[in-house]
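Right, one structure below, let's go through it.
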Amino acid sequence: MDILNNLFTNIYNAINAFLNGLLGGAGLRPDAASAIVAAIMGLIVGTVVLLFGVGVVLTLIWLERKVAARVQDRVGPNRVGPFGMLQPVADTIKMFIKEDIVPTNADGLVHLLAPVIALAPAVLAFVVVPFGQGMQPADLNIVVLWVVSVSSIGTVGLFMAGYGSNNKFALLGGMRAVAQAISYEIPQVLTIVPIILLAGSMSLVQIVQKQSTLWYVFVLPVGLIGFVVYYISALAEVNRTPFDQPEGESEIVAGHHTEYSGMKFGLFYLAEYFNFFIVCTIATTLFLGGWQGPFLPSWLWFLIKTYALILLGMWIRMTLPRFRVDQLMKFAWQVLVPISLINIVLTGILLMFFKVG
Amino acid sequence: MIPLQFYLIVAAILFCLGLFGALARRNAVAILMGIELMLNAVNINLVAFWRYVKPAAPTMDLAGQIFALFVVTLAAAEAAIGLALIIAIYRSRDTVNVEDVDLMKW
Amino acid sequence: MLDRYGIVAIFALLAVIFPAIPLLLSLVIRPKKPNQSKKATYECGLEFEDFPEEAQNVWVQFRVQYYLFALIFVVFDIEVVYLYPWAVAYNTLGPFALVEMIVFLGILILALAYAWRNGLLEWT
Amino acid sequence: MLTSQFLTYVAFFVLSAIALIGAFLAVTLRNLVRAALGLILSFMGVAGIYFVLEAEFVAIVQVIIYIGAISVLILFAIMLTRGLMTSAASTQNSQWIGAAFVGMLMFAVLFFVAITTNWPLAQPHTISDLIPRLGADLVTTYLLPFEAVSLLLLAALIGAIVIARE
């Protein structure tokens, strides 16, 4: 039990000790040696986290298709590999060997950089996700704001895709995507404030530790309201159906990725699933107690909760029709923002009288 | 430790680039971008002084950062109003070129 | 600083390298046979080149509504920035802090109410 | 020199270069959208410089407000007023040589002041509980400016709405 729980921490420590031993004997200055070890460890952690992220995305693509198929009473992919599990791999290979078409009128540099900028925030957000007990790449004391700030960079990528393609549909889609992202960012960040009030800290690790007795989603009524608002606005923030207005194919073709093909489109696709995964991990951390849970190893609990939220998102996607753009904006500003503002004040007042956690 | 002067010089270059942009551009939005750069330079100075210069009183040891926060807020308010003006001018005069917006000159 | 943010710097580096690898890899293995209609700007069922010159300019006049939403967003974004440190310090402050924050929020709710009453929150 | 110091210098120079190159692009590029993207690059570099200065909160605020909010405002404003700027006319006005001269003069003055002034330096200070301290200071020492900020925002919002609305 303990072995499983500390599996990754132990591997980390073992590699660290090995590298220290290796470089300690090389006759370098001690501070230079430790800096090199830290850099190599950082690279290893980063690579592992990103590869894990790619693996998660592959499972998500498969899961998404299977869930969609089951909801629609179909079988879904079942040819490539057992239960069609290798379908995402086949898709990836297809992405690699597709021709990359850049329209003559496009702004080439912006067109090329847009998917990179769209993917970068997702990669940066991985820095602070606590995947398990003692398993966060870094615990900064501004973690929560870090998540908020990197996700706000993503809107620039959306705009660049729309502008760089030099296409009416892409431009409209890009502008809509930005307008939607900024509108739903506000309720999303406002609902985090009650959690910080409850925990008295911005560190995700401390927020999880404070939830060892009671998950914040069960701190009624503020936790539940916060969770629902957060989850809805997170779905909208990552452009998941029913909030996929920016790429509503019935009006504006494929929105900001109309002119994207091949690997550039693949990067957008990857960024979208990365972001979906990240908002679910953040929701798990903030509201569902993160890695806390009995019997099973902490990282397994974390994955189970995250995947539960992901499946919920897929279920919502298959069930609800797309919002209209006016309903979308109205919903964000006239429903979610007032609710989350009231939620903050309510939490403040309740904390005056009761001690929670 | 990086000397304070390094930060001041970087801020000075940034300020002068912004000044150049604000003076030399024709497009009103570009002029506003120059002004934002100048405000950024000021903020670098504020934060650098916070870190390196002795505070006037022990209770004011966060003054530099708090001032920087207020400057950011002011910059946002200024951008909001400035761009709203530009949009209004564009709607009534069909241009955002500052040389053509000269109705009040005579 | 470096001990905490070194790893962030490494991730920032990876954020650039990570998308570059598949782009470079696919550059090697993908076909490259561009032609006129492939590289044309996408249009529904029409050849883009057949358009008259003025219609080929893809710029569209956006509605001012976009800007107004961005305005409200900016105001609330700044508000959130001030709320966060207040929320962290809340437990150590007295009830006065709550009153002050309610005043702060109240003024901004006025802003929201103004926008609401003037129908700016409607996307028409 | 210690390794950590050396790395701090590297970080500082790289980030300053990003900030200055971005600023240069922002004031010289013809294409206004590209210039705005240069501006965003510059904002990022400045945020990095704040991290080097150990002012994490200001750095994050820089990213959230400047990159996340103000640049969106600027980009939207450009898209709303883009109609006539596709023309090939020069983006610099006739006084750009004078402006460059003024800029250089200003830099000379600032450089001279920065180098020669005897700053009352102290030990570079770091605050470990920065965020709670900031939060507490905002509602005690700096209460008045803090509430004034919310009034300012209200006034700016209403003013901008009245001006920009059709």
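Which chain is which? They are A, B, C and D, in the order written, and residues in each are numbered from 1.
Simple rule for what comes next: contacts are C-beta pairs under 8 Å (C-beta built on N, C-alpha and C of every residue); 3 or more make two chains touch, one makes a residue touch a chain.
As the structure is a prediction and not an experimental result, all values here were calculated from the model.
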- Query: Among all chains, which one's averaged Cα position is nearest the averaged Cα position of every protein chain shown?
  - Reply: C
- Centre-to-centre distance between chain D and chain B (centres being mean Cα positions), rounded to whole Å: 7
- Per the centroid of Cα atoms for each chain, what is the distance between chain A and chain B, given in Å? 33
- Query: What whole-Å value do you get for the distance between chain B and chain C if each is reduced to the mean of its CA atoms?
  - Reply: 22
- Return the distance between the CA-based centres of chain A and chain C, expressed in whole Å. 15
- List, in ascending order, every residue of chain A touching at least 2 other chains. 140, 145, 148, 171, 175, 182, 185, 202
- Junction residues of chain B - those touching two or more other chains: 69, 72-73, 76, 79-80, 83-84, 87, 91
- Note on the structure: chain C residues touching 2+ other chains are 3, 5-6, 59, 62, 64, 66-67, 70-75, 77-78, 80-82, 84, 87-88, 90, 101, 115
- Mind listing each pair of touching chains for me? A-C, A-D, B-C, B-D, C-D
- Report the residues of chain D in contact with chain A in the complex, numbered from low to high. 2-4, 7, 31, 33-34, 37, 40, 56-57, 60, 63-64, 67-69, 71-72, 75-76, 79, 130-131
- Contact footprint of chain D on chain B as seen in their complex: 1-2, 4-10, 12-21, 23-27, 29-30, 32-34, 36-37, 40, 43-44, 47-48, 50-55, 59-62, 65-66, 68-70, 72-77, 79-81, 83-88, 90-91, 94-99
- Within the complex, chain D is touched by chain C residues 1-3, 5-6, 9, 57, 59, 61-62, 64, 66-68, 70-75, 77-82, 84-90, 92-93, 96-97, 100-101, 103-104, 107-108, 110-111, 114-115, 118, 120
- chain D residues touching chain B in their complex are 5, 8-9, 12, 16, 19-20, 23-24, 26-27, 32, 35-36, 39, 42-43, 46, 49-50, 52-55, 57-58, 61-62, 65-66, 69-70, 73-74, 76-78, 80-81, 83-85, 89-93, 95-96, 98-100, 102-104, 106-107, 110-111, 114-115, 119-122, 124-125, 127, 133-134, 137-138, 141-142, 145, 149, 152-153, 155-157, 159-161, 163-164, 166
- Item | List of chain A residues in touch with chain D within their complex | 29, 31-32, 34-35, 107, 109-110, 140-142, 145-146, 148-150, 152-153, 155-156, 159-160, 163, 171, 175, 178, 182, 185, 202
